[in-house]
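For clarity, chains are labelled A, B, C and D in written order, and residue numbers in each chain start from 1.
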Amino acid sequence: MSAQKIGEGDYILLYLSQRKTYLIKVEAGKSFHTHKGFIKFDDLVGREYGSSVLSSLGIEFIALKPLLRDYIMKSVRKTQITYPKDIALIVVFSGIGPGSCVVEAGTGTGALTTALAHFVKPKGKVYSYEIREEFLKTAEKNLKRANLFDFVELKNKDVTIGIDESDVDAVILDLATPWLVVPNAYNALKSCGTIVSFSPTIDQVVKTVEALNENGFVDIESVECLMRGMQVERGKTRPQTLMTGHTGYVTFARKTAKP
Amino acid sequence: MSAQKIGEGDYILLYLSQRKTYLIKVEAGKSFHTHKGFIKFDDLVGREYGSSVLSSLGIEFIALKPLLRDYIMKSVRKTQITYPKDIALIVVFSGIGPGSCVVEAGTGTGALTTALAHFVKPKGKVYSYEIREEFLKTAEKNLKRANLFDFVELKNKDVTIGIDESDVDAVILDLATPWLVVPNAYNALKSCGTIVSFSPTIDQVVKTVEALNENGFVDIESVECLMRGMQVERGKTRPQTLMTGHTGYVTFARKTAKP
Amino acid sequence: MSAQKIGEGDYILLYLSQRKTYLIKVEAGKSFHTHKGFIKFDDLVGREYGSSVLSSLGIEFIALKPLLRDYIMKSVRKTQITYPKDIALIVVFSGIGPGSCVVEAGTGTGALTTALAHFVKPKGKVYSYEIREEFLKTAEKNLKRANLFDFVELKNKDVTIGIDESDVDAVILDLATPWLVVPNAYNALKSCGTIVSFSPTIDQVVKTVEALNENGFVDIESVECLMRGMQVERGKTRPQTLMTGHTGYVTFARKTAKP
Amino acid sequence: MSAQKIGEGDYILLYLSQRKTYLIKVEAGKSFHTHKGFIKFDDLVGREYGSSVLSSLGIEFIALKPLLRDYIMKSVRKTQITYPKDIALIVVFSGIGPGSCVVEAGTGTGALTTALAHFVKPKGKVYSYEIREEFLKTAEKNLKRANLFDFVELKNKDVTIGIDESDVDAVILDLATPWLVVPNAYNALKSCGTIVSFSPTIDQVVKTVEALNENGFVDIESVECLMRGMQVERGKTRPQTLMTGHTGYVTFARKTAKP
């Protein structure tokens, strides 16, 4: 099989170092400016992904093909995004996969939406609710850039009032009052469907767990996940000094049948 | 849409409590014995998933539909399995998704294989290498139970000697000497393909990161993930006393093009 | 200076391995039985601390001199003891030291009392309140064994009703309702005296912080401390699998002067 | 007993908020400038510790009496200081207390020295080794400010070459090559004396543990301690986002008698 080539209009992840990367669109005739000199896109078009290129100052950059995590981390954002470590837990705990039908709320700028769409494509669908219209525009932009907009339906509706879909595999919540959505989620889910909620505060977790207990859910579990980077160098290896101390708690539950 | 019914031959997750669940096959005319009495499978066939059933001692159980995480946690095992929290990170960091072509080594009893197959199906494929033949039999059993065997090719081969596949999207390693596989992984990967390695010890991480540096990989990152459960009860909420202190480090990198 | 000798009536820490130790009293003519054979105390009397001795089965034990941490961990207990990591934080955050005058509640079986007495001796004093009389007997036994009873006054009184002492340097709380003690603590403390409270649940922390805010305390801070052991062996070093996930939160504050 | 008054020449901790404090010396006739206006020292002299004072801009500050932790955190520093959480562990694990005789190396700018002196005073002594003369001047200044210089002997000597003292209770190491000090530490310690070493990297820990094993130490234990602050507010309580991910590992051991 032939190697993949960088084309006009493609998104690339321009890599300088593990801490310095840029998610940009390749535009013929143009160039991209950094503090280490500029890169001419014409030097990249037609070359293999993963190729290196020199900036005007002679600094080496590498043109990588963006991955899911890059689209998440580099999403145009207006809110705090959900972290990849939490998205990873949400996806695996929810049990969703290719072909799943998922309701999400709120969309925010679409970071979690991007991940959900990535894993349910091409036959699955994400119905994503958001009451703040301006966020939906940003989310649409982020999803289109990641080539995942076809698998998402963005809905400018209040999920606490109602969920249009039924028999869905999972309801994924990342909003301020997840407990208000629990009865609607029960109705929207198929038998044994899952609900996963992400919340920064303990009080949100307590209220959500209570609502789940009162609304026919079982196997309720709340966890938090701490991720710490390692500084790896022979003879000097150690955990990194800087670490995110908290993002939020992930609460998981499964729907039981009505008695 | 009609609710899903439990059928003869289906696997169910019989749920007593968050800590006590059983992954079992429904067999007409038989029953399943627990310390809380036995369950007759005939009481379950034809009922909706998520339904409750009483044991011979009058204790309520719920017949849930197994999720990916259940198949992972309940896999018949001979080795220590990779934890869902680590599997979650591996999947999301690797960038794989529906349709991806993945090389994995070693198979072990197939817990990680199960997750990879779940996310690349139906068009993708997992090529999983394992030198210990007895493990492959267990892995096959675990994969069949999870209905994912069609998306996996189990190979009784030594991945440090060679990888048959090429142009793969990701190479996922969970074996004692990942650094020995790095050159083969480079050759098997497509441009910008990813490698993800899971290792319990720091020395394994150091050797693997060195091999990645020397073999054309960039964006090398090693992390560990700590997951802690919360005991949620209004007025008494607190983190759980018991916690797994360490499973392993996840190391991630991307292939660059040959200069 | 001559080395310290083991004497009749002394307490020793009999050490088999990092995980297997015994805090016992040396009694002439008697012996101590373990699953690795028995030790005759007469083999120990008059020997240097740190000496090794063989059991009746030829297994080597070492007779160590007990340290503060040993007295804490081996305290005869009826309640969950406060962990050394938390005791360490409490002592250092409270600002106490030799000569300090400290009020503690509740005594429990005296683990924290032992540490406080150890650090304020010989001129300081710990006034320790406990409403459950049976605990005070155990605490007295534990304190006497550690040779620290002279620096403690055990009080069978309810600290939420009143504190007899005044102008104390610190009030240290490890009881179910610390917030109820805050006004009394304010009155008992000298200017800029400290209060430190240890509580397992988040609700206790919230109520205590509120009471501190309302009662003239500043610099209020709540932290939790996670300690993880390392398994150290060249080429195989890694964090330990088992870990205590939670003991409690430590809340600290300082008294301001009345306006 | 009368309340403590702020005097000319005293050090105070000027408190604006939990995150904004100043450790300063009270000098009659002078003032202290902050971004929230200046404070006249004459407004403070003769007042009770813990009193509030208004700045020239009408902002309230509180004049607190500095505690051990303040002297540690506000030490004039040229190196990274040891964190209070680690100092707490070191002190409690080492078993030292009032009257103990301790060897420390290296002094650095004296943060750990300050804590050790605080806990061994008034009869104990800290012998602190440091090869870099310029650090000793800073350490002296920091110790004098905390009123603890009388309990310390600063030594401009290389501890890897020799330790002058003998029969000491503990040897505390915070330097780049602790393993080189282990044989000297053995000779300097009394029977069952303790050694505690603080090191940021895993390789330092491995080498130190090996040296301890080879030089007559037992009960060897290495741990790391993670401290996370809580943001406490009714209805919004959560762990803090920012956290120090790593400072170092604390390794502990006890001397056995020569066979």
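Note that contacts are C-beta pairs under 8 Å (C-beta built on N, C-alpha and C of every residue); 3 or more make two chains touch, one makes a residue touch a chain.
Remember, it's a predicted structure, so these values are computed and weren't measured experimentally.
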Superposition rotation for subunit C onto subunit D, Cα-based, multiple of 5°: 180
Between subunit A and subunit B, centroid-to-centroid distance (C-alpha), Å: 21
Where subunit B and subunit C are represented by their mean Cα positions, the distance between them in whole Å: 43
Residues of subunit C engaged with two or more neighbouring chains: 202, 224, 228-229, 237, 239
Arrangement of touching chains [line / ring / star / complete / other]: ring
Sites on subunit A touched by subunit B in the complex: 1, 3-4, 15, 18, 21, 47-52, 62, 64-65, 67-69, 84-85, 87-89, 91-95, 97-99, 115, 118-122, 166-167, 190-192, 194, 202, 205-206, 209-210, 218-230, 232-234, 237, 239, 249, 254-257, 259
Subunit A-facing residues of subunit D, complex: 200-203, 224, 228-229, 235-247
